[in-house]
Amino acid sequence: MVIQCIFEGIVIGSILALIAMGIALIWGVMNVLSFSQGEFLMIGMYITFFLNKKWGIDPILSIPFTAILMFLIGLLIYKTLIRKALKGPILSQRLITFALSMVLVNGMLMLVTSEFRTIQKITFSGIIDFGFLVISKEKLVPLTVSILVTTVLFFFMNKTNTGKAIRATSLDKDAAELVGINTEFSYALAFGIASAIAGIAGCVLAYYYYITPTAGTSFLLFGLIAVALGGFGSIFGAYIGGILMGLVDVFAGVYFNTAFKYVAVCVLFMLVVSLRPKGLFGK
Amino acid sequence: MKVILEMKHATKKFGGLIANEDITFSIIEGEIIGMVGPNGAGKTTLFNSISGTHSLTSGHVIFDGTDITKKKPYEICKLGIGRTFQIPQALNEMSVFENVLVASLNRHQSISAAKEHTKKVIAMCGLASFIFMNAGDLNVMQKKRLEIARALATEPKLLLLDETMAGLSGVERKEAINLIQRIRISGITILMIEHVMEVVMSVSDRVVVLSSGKLLAEGTPEEVTQNQQVIQAYLGGSVH
Amino acid sequence: MNRNAKIICKYLGISLFITILLGGCTKYNEKQIEHNDYSQDESPISIKESKEETVKIGVLLPMSGAQSKAGQEVKAAMNMFVDIINESTDDIDIPLAQSQGLPNLGGRKIELVYGDLKSADTALSEAERLITSEGAVGICGLFSSANTKTAAVSTEKYGVPLMSEGTSPTLTQKGYEYFFRVFPDDTMYVEDSFLYLVELNETKQADIKTVALVSEDTEFGKNIANVEKECAEKYGFSIVENITYSSNATNLISESLKLKKADPDVVMMSSYISDVILYIKTFKQLNYSPKMIMGQRGGFMTSELFTALGSDAEGLCSTSAWSLDLQIPLVAKLGNLYKENYSDGVDMIADVLKCSTDLYVLCLAINQAGSTDADAIKEAMLNLIYPEDKLFIAGTGFNFNEVGQNVGTSALICQIKDGKYQTVYPDSIKAYDGLFPLPSWEEK
Amino acid sequence: MRKFININKYFIVKFLAGLLAAIVLPLFIKTPFPLHVMILICIWAIMGMGWNFIGGYAGQVSNGHALFYGIGAYTCGIGVKNFGASPWVTMWIGVMISMGIAFVLGAPLLRLKGHYFALATMAMAECGRIIFLNWSYVGGATGIDFFDRSKPSWYTMQFTSKYPYYYIFLFFVALILLLTKGLDKSKFGYYLRAIKANENSAQSVGIHTAKYKLLAFMLSAGIVSLAGSLYANYLQYIDPTVVMPLNISMMICLVAVMGGIGTVIGPLVGAIVLTIISEYTRATFSYINGFDLFVYGVLVIIIVLYMPNGLISLFNKKQKNKILTPLEMERK
């Protein structure tokens, strides 16, 4: 049971970690708390769904396409909306992303109705039953993908020039501009990457979650908390924050009370930030 | 000859880094003390320790007979220490007048009395023509003025000035020195960090020299400039 | 002084502008509404009879959010009934179908006015808007119990009949004057599900002893859980696990793990569609196959269940008030009419029929009363005459008691077989023998 | 009192003119729906003004004020239902409880900065919602229903007509507007603004920042709780999904931001505009699924994007560019 809980906790954590990384990126670079990240996840799920329905593409194969498409959507939203919003006060920025999430959910509702859909044609499915541990193959996908994405993102941010430019922008925008970094480009890129990651999260989540315009909303709060828990500005922190949230979620549910499991998550978060106001790995 | 501030073996560590080590000196009421030292000597750290931004790792700060080592900045301000910041921290989005008004409220309970006081301080600091400007829109010199005005409005006994002259032109500097003299005449003790030696030498009664976190020398400007250690550590480059 | 005058003018100007805006929020009818504050005996606002052609009925449906798909289906079914009433429809042999409009009101036709049902507090304001601005003489729609309570604040205040299928037994205990429910409440549904278990034990030696209760944490789930606890005790089943969970959760792992560990004979669930999908998928992933899953309508009684879960939905049971396979010719006729002309090929399901039947019954009562006055409608409702051979629901007819509950109704239990709801209980109307226990996931 | 409250006479004229307009306005309205919208405006205005103290003046953006809204509503509901108390009394008990909770939670949470504070308050409200949802004494998910058509009276604050509600709520709006105005140019108001601008320099000029932040948090919690009590009495039914969802917390911010945070009448303006948009779009566009909220969201984005300092900046523009003489300044 404990092993099962750990496994499931890490799987849920992986999804949260993917959302959290996108939020962490936007938070770190633009200092915006993005409330629309959950909706990017939802759009990613729909892209995956329609690819699957039309051409029978397996969600895992649709990851590159979804990521690129979401990247472009992210860029578009950045160019049309966020760039202007960044000139306003921080609170307005946050509320604009909140209103954006409302627009995306309801726009999607108008386009595809609220019908609950699931992906039917899946190559990875079935279970491996060890008795003490049941591994569902569908769940190995989020696990692997989140580790891969984290690693790629980590290397991108630390080893490539573009990544370094984004990090420099996040540390000090003016200084970065002085040394010739195109901060505007960094911002756009960061927002695009964050959307792409949310899209990837949508792909892997579509493996076993239902798809509906409001599906992303419930992930948002926990994604946000995972970022703050891990300490913003660090990709690694967001990842650990996500995994930790997943574990707490499952263990609190199984060993404490299912009705209060989210209370446990929230209380843990409040305790951590009361003691460490910058999160576990924040500097 | 009343001692207003006493530093006793003040030591401040940030993790493994020692910013201030065993600093002991005292300030007498009515003096102007200049604090000099190369960059990274720990001057601002010492200021922060005195004003309560952070507390000392060991040692004591005694102000006017009270131990203020562990006190919070606002308590220290209430006791009578006003400070400016090296990088001006104006209350942006508030007007110059309001900036100073907030500080005046430290000693004045009623808004009207505080306003009266604010006007005096603003006039004294020569900011009268900017009172309706947003503090964020001021230039650096004006911001530094505002810093002084704000510290002054809290009606301190001791004023800590952190590099208020840096980056000022000759004329502006003269005005600033004038201001410092006026402040002194009103009976306020001043401890100032300053890089501009000309200013330090001309206005200070005594000078404290810090280097690498330690107290190197203390004395009148003349004494200090002749101190061999000081010349080596700080002025070394220019004396040949 | 001049400046003061200016300011006053400015403010009055702004207020005027706002008044116009507010006025624009509503389409004014030629109705005069008189305010008559603080009188307890009469309703505060009396709506003078107008010479309008149509009888307006307010319909509250979820237009946005997760339930809006169900809302659309209800809307389609309601339109079907409106067409049946307004046009002369010969092949559907129910009262009001042959004539055009309501004969006792001089052939006045029915018109639906819609409101959005976002949450419990919008139910109140939208019901009020439909009554006072749109001139609705009755309110029906796809209500939950919570929404019904707030909508009732408005309908009671203005004295307008409210037809709701909110199933909480508390609704009929509150002493509402103008509240009516055509179909059973939770007590009947839950009682029936336990009776079915007893029957399984007797006829099939199913040996069911333990049940686990799973309920979502809003009113719907909580109420049912309470009734289930009472019934389990009454019929001698032991509850091995009682799970309350947050609806629209990001995962239901811990809930499912707990169930798997407790391993009850029957899992009784009250969940909305989103959670049903997630539960079934999670069960499958954890290789947990309960012997029986007994749903309490909600998510188990939606057409999306089949599209979302496909073959995984096979064998799920749910209580219901109606089923397409009822052995009544009218049922098939209505079902076909709906499927062919109104819903783009989606089968009619019980919740959709329930809400639209509400509308139909309301029209019957209005016609019988011969007036749109609420008290007359109530009077007619309590003495509703309906030929029993023209029924299209299970039970004996429309006989409302004093608190507004139809006592002529009965519950039934359906199981999903071959992508359809098929009645398995009660014995008298069952379409096929229930499947118990469910096969494991590999065998499906 | 003179040194605490500082209201000039032009404000009083404006205030009375506005109040007069607000009192006269409903007399021209013949249907209850616009009156309902005006009642909602009052509720949102109270909430926005309450939130404004901590979020607008002190700059500590709380995204969890739905908790206090819910506590206010619940205290009223329980008081009326279980103890037969008058809402006039219970609403103040609710204010006390909210302030108490704000005091306890505020002490650790107010140490957090920026987004962390927002998230922590969000988590706080979410905890509150789940606890109330599962707490059977307060009715749990079933909520509290204290609608009783037999007892309309001033004692129970239940009326068959909407007019008394409107005027009661308007009274509280006026009261809190005056309170805000009084505090706006007081020591408290200046201190909060200084904290918002720069906590370090605020401390350096002798402001006990933690204390003032906590005071502002408690004050705003109390006012929002008051709005909750009033709304509960108007709706006469409450459950956690009505009074405590995350959306309410965000909407409170939105009301204040739309009008202009840190200003006296900003939240009021925001409440008027936002409520009218919200109700108008719902009444007009709800025929298509989701269209009303879509339009609503787009309008919100446009307003917040092009008026980042709130609608109030439309009115204030002229004054900002004007150079004031010292005489005029004194009035300010």
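Chains: A, B, C and D, in written order; residue numbering restarts at 1 for each.
Throughout what follows, a residue touches a chain if its C-beta (ideal position, glycine included) is under 8 Å from a C-beta of that chain, and two chains touch if they have at least 3 such contacts.
Everything quoted here is computed from the prediction, not taken from an experiment.
**Q** For subunit A, which other chain has the most distant CA centre?
**A** The most remote chain is B.
**Q** How far is the middle of subunit A from the middle of subunit B, if each middle is the mean of its Cα atoms, in Å?
**A** 48
**Q** Distance from the CA centroid of subunit C to that of subunit D, rounded to the nearest Å?
**A** Whole-Å distance between the two chain centres: 35.
**Q** Quick check: how many Å separate the C-alpha centres of subunit A and subunit D?
**A** Result: the chain centres lie 32 Å from each other.
**Q** What is the distance, in whole Å, between the centres of subunit B and subunit D, each centre taken as the mean of its C-alpha atoms?
**A** 43
**Q** Which residue numbers or ranges of subunit D touch two or more of the other chains?
**A** 130, 133-134, 288-290, 292-293
**Q** By residue number and range, which residues of subunit C touch two or more other chains?
**A** Residue numbers touching two or more other chains: 64, 68, 72, 217, 244, 246.
**Q** Does the chain-touch network form a line, ring, star, complete graph or other?
**A** If you draw each chain as a dot and join those that touch, the picture is no line, ring, star or complete graph.
**Q** When you check every pair of chains, which ones turn out to touch?
**A** Those chain pairs satisfying the definition are A-C, A-D, B-D, C-D.
**Q** What does subunit D use to touch subunit C in their complex?
**A** 10, 13-14, 17-18, 20-22, 24-25, 28-34, 36-38, 40, 130, 133-134, 140-143, 145, 147, 149-150, 152, 159-161, 163-164, 235-237, 239, 241-242, 245, 272, 276, 279-280, 282-283, 286-290, 292-293
**Q** Give the list of subunit B residues in touch with subunit D in this complex.
**A** For subunit B paired with subunit D, touching residues are 51-53, 72-75, 77-78, 82-83, 85, 89-94, 97-98, 101-103, 105-106, 109-115, 131-132, 150-151, 153-154.
**Q** Once bound in the complex, which stretches of subunit D touch subunit A?
**A** Per the touch definition, subunit D meets subunit A at residues 55, 61, 108-109, 111-116, 118-120, 122-124, 126-127, 130-131, 133-134, 246, 250, 253-254, 257, 261, 288-294, 296-298, 300-301, 304-305, 308-309.
**Q** Spell out the residues on subunit A that touch subunit D in their complex, using ranges where they run on.
**A** Where subunit A meets subunit D, its residues are 27, 31, 33, 35, 81, 84-85, 87-92, 94-96, 98-100, 102-103, 105-110, 113-114, 213, 221, 224-225, 228, 232, 259-260, 262-263, 266-267, 269-270, 273-274, 277-279.
**Q** Which of the residues in subunit C end up touching subunit D in this complex?
**A** 3-4, 7-8, 10-12, 14-15, 18-19, 21-26, 28, 32-33, 35, 37-40, 43-45, 63-64, 68, 71-72, 114-116, 118-122, 124-126, 128-129, 132-133, 146, 149-150, 152-153, 156-157, 168, 170, 174, 177, 217-219, 221-223, 244, 246
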